[in-house]
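Here come two complexes built around subunit A, the first alongside subunit B, the second alongside subunit C.
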Partner chain A sequence: MVISLLAVALMLHLYLFSKMGRAFRIAGKEHVWDVIVNRNQFFFSDLRFFPLLAGTLTGLFQFIPEIIQNRLKLMLHLPLTEKRIITCTLAYGSGVTILLFLFQFAALLTGLQIHFANEIIISTVYTVLPWYLAGITAYFLCTAICIEPSWKHRLVLLLISIGLLKIFFISGFPAAYQKIIAYLPLITLIGISTVIHSVIRFKTGMQD
Partner chain B sequence: MQAIIECQNLTHYYGTRCIYTNLNFTVPKGRILGLLGKNGTGKTTTINILNGFLQPKEGNCLIFGEPSGKLSPEVKQKIALLLEGHVQYSFMNINQIEKFYSAFYPKWNKTPFYELMRKLKIAPNQKIANMSCGQRSQVALGLILAQDADLLVLDDFSMGLDPGYRRLFIDYLNEYIRSEGKTVLVTSHIIQDMERFIDDCLILDYGKILIQIPVDELLKTFRKFQFTHNENHIDWNGLDIYNPEITRNHAEFHAFSNSIDIKSLLLQSGIQFTNLTETQLTLEDAFIGLTGKY
Partner chain C sequence: MLLAWFLPWIYKLITADNQSYPFTYFSCINKSFCYLDMRGEEIMRMDAKGRVYTEAEFDSILPMFYYRQLIKDDRLPDSINNVAISPRQISTHSFFFRYRPADMNTPGIKLYPLFESMGKRVDLKMPGDVFRFNNAIEFINPENNKVLAEKSMQFNKPFIKRDFAFPPRLVAGNPSIRKAYDEGWFIIDQHYRVFHMKMVNGMPFVKDTRIDSSLQTKYIATTEYPSKLFYGFLFDNHNQLYVISTENYKLIPVPTPAFSMQTDEMLIMGNMFYWNIEVTSDKGQTTCVVDVNTFKKSDSISFPAAFTGPAVQKWIFPFTLSFTSPTHKYVMPRIEVFGFGYLISGIMFAAVYYILYRKKIRSFNAFLYLTWIALTGIFGFISLITINPLKQLS
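Coming up: the complex of A and B.
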């Protein structure tokens, strides 16, 4: 699954930069610059939902087999503290997600540095960072939904998750989140605390 | 004798449905306790409470002196858990799963695990997902033997197994448990398997414990009685008997008694009878005798 996501990230990256190259060839670099600087067009909008999808899929692929095959009990019975078991499991999933994002982000920055000035690069970073944070948050929220033992609560969590994730996508305007970007990780923290909430409910055998 | 499991005043409800109230039982060191009961009497609930995956509404359950919901890693190392359906990491193969678990258990001994795998001709690189239910059960058993735990909690170990694998599972486990003096709590739907395996039985009825007794004592003292009668109605009220049934002129019931005492009991109650017979029971018969057929 991770390899598939990496391949999709790579293909998306190639697509974005081939699209940019074509725009440079057809419209000219000056025009592309003009569109970006003066008309506030963002060139990498196609990237917008990829981190969200990647985070969601990582969470689902990691935890759905555990839930369907009832292996979560097996995992929690390992002779470690439950805190350590959960921390290690989440660190693995979120670590893989973050590594994937770092790889894609580094490739994006490398490509940007060849063609654009620092101001545009910084604006691009502020634009895409909320999307990556959305991906990491989606991983935690998906995990929480999977671990939650009751379907009713899962539905409630799903609605809360949609609401929380929507915050990252309110505006597609370049660098729209610049002033509040420092506060966005708080939503990710809510995602983490939701996982802890679900684990506690699973451990106590809540059914409603 | 030291109690390995101590459940005190367990009370649990699902919503408003009462599973049981004030359930008390202990499992002493070195004993094999079979938890028996019809569907819905709370066997799985009890196992979940013991495994720490369910918080009872009231009461507590101690394993090696620690609350079952908050077991330390040291105590978890002493407990081998067999989940219903022989759940395992099915994406691993035999070698991988053995190596995976060995890292967690200091007393790990891989010899019995590989011995069992060789006996069943399971290749070390065979993936668990590609095995039959019977083979998977033996992998789970092999891992339990390798863990060398002090307490074994086996939830419905016979589920999905054919008679051969059930027999193999019990024989292998029995020999290991008896020779090593392990403590076991086991549930199974197939009670005839339990007769050859458990020391004590705890029979759950809806909402309460019906009886906790050594199996030998149960089989020695609990009997089925049958007689012929000519009355239209028999008043069983006040008699210390279990599940009386009348079919035409044939009556039967179960009791912790013998035919001499039952004879005088029936006479004292004014019940007319002929051809009183007493039958020794298997564990399954005794279970039905205590809990009823439906």
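Coming up: the complex of A and C.
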């Protein structure tokens, strides 16, 4: 699954930079700079929901088999501390997600560095960072929903997750999150806390 | 917190109505405001004295606005108020300037094109580079993303010579080739001195405008209108509007209705005789008219907003949370508190909760929940109903 996501990330990048190259050839670099700077066009909008999808899929693929086959219950009763088991499992899943995002983000920055001035690169970073944070948050929220033992609470968690993730996608205007970018990881922390809450409920066998 | 965002959003979605005002314009014929009101079932054309006009009459009393219709009907007079007029004159002096708070509160990329102001062709051309300001002006070639060292140095010299305090607070201009001519950029330095920069025959033109720095200029809009009578509009730190005249950058104060740059919109509809200055705030819309020869206010008219403020919200919600605003392009949390009126509904919600769960409300914790609902109102009620902690207590 991770390899599939990596392949999709690569293909998406190839597509985005081919599209940009085409714009450079047809309209010229000066025109492309002009529409980015003065008409607030954003060239990487197609990237918008990829991190969200990648985070959600990683969470689902990691935890759904564990839940369906009741392996999580067994895992939490291994001769290791519950904290350690959960930390290792989440560290693996989130680590893979973050690595995938870092790889894609680094490739994006490298491409931008060649063609654009720092001001445009900074604006792009402010625009795409919330999307990557949404992906990481989606991973934790998905995990929390999967681990949560009661369907009623799963529904509540799902609604809360939609609300929290929506915050990352309120505006598509370039660099709209500039003023609150430093505070957005707090939403990811809320995502992590929901996982801890779900694990506690799972461990104590809460049914409601 | 999510409920504080979601519930008011739903409330607005259901209840929000379009806030519209009549189109208002001062007549240079009968010297009074005329307005076109499309809010009712019928379109009303009236003046401030209450006289109703037909469509053709309305065109006639507003020749500065409907001059093209009058030309088509062959009804445009040769003179108005003893001043000879021609379609060309009317067109040259007519303009529309709009200011929205979001114009100032928008994330932007600080790269600017500098056009040739004395080009030999009628149409403006893209210059082939952009400039930025850090601790000096720097030109960059988009083709290779490299700094143009020679041009940068050439344009930097006049700034250094004039003691420009880098980096600028504001760089104001129209980065578009779709304009009649180019007047370059107005730049405010760290000491609130206003400079004018343009490129004339490939050479730098940088001038200290000597605009009073104690005004602490907040915003400049360059206009580049065909009349060439002024460079643009300037707003000082106290929201006072000025015109930057083309006569040695003389500042002319322009009277306006009460105006705040952070919250209100301004529309200036100018013509040969008068400027109609319309300010729209959440309280309503006021238009004042200014004589272009004296820049003195001669009349004003107001229309109050049809609905003002959070009438129902203040009884239901302890506060509301929103991330977007019509006055900002930035996403950021904005909390609005309406006072303690919501406590009444909070106590009612606590009572409903007590009735629903009265058999389980025995412990101290349960009474804490009731207090929580009373204090947080509908938000606490919905969250406790959903989580249902009393089930765990029992």
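Everything below uses one rule, namely that the second predicted complex is superposed on the first by the 208 of 208 C-alpha atoms of A that agree within 3 Å, B and C clash if a C-alpha of one lies under 4 Å from a C-alpha of the other, contacts with A are read in each partner's own complex, and residues count from 1 in each chain.
We adopt the following convention: a residue touches a chain if its C-beta (ideal position, glycine included) is under 8 Å from a C-beta of that chain, and two chains touch if they have at least 3 such contacts.
Here the structure is a predicted model, which means the values were calculated and not measured.
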item	value
Subunit B versus subunit C as contact partner of A:Ile120, first or second or both or neither	second
Contacts of A:Leu74 with subunit B and subunit C, given as first, second, both or neither	first
Partner chain in contact with A:Leu164 - subunit B first, subunit C second, else both or neither	second
Which superposed partner A:Val37 touches (first subunit B, second subunit C, both, neither)	second
First, second, both or neither for A:Gly55, with subunit B first and subunit C second	neither
First (subunit B), second (subunit C), both or neither touched by A:Gly135	neither
Common interface residues of subunit A - those touching subunit B in one complex and subunit C in the other	208
Residues on subunit A engaged by subunit C in the complex (per definition of touch)	29-34, 36-38, 114-117, 119-120, 123, 126, 156, 160, 163-164, 167, 170-171, 173-180, 208
Contacting residues of subunit C [partner subunit A, same complex]	2, 5-6, 106-107, 109-113, 126, 128, 130, 132, 140, 142-143, 145, 175-176, 323-324, 329-333, 386-388, 391-392
Touching residues on subunit A, where the partner in the complex is subunit B	65, 69-71, 73-74, 76-81, 202-205, 207-208
Subunit A partner contacts - residues on subunit B that touch it in the complex	14-15, 48, 51-55, 69, 72-74, 76-77, 79, 81, 83-85, 87-91, 104-105
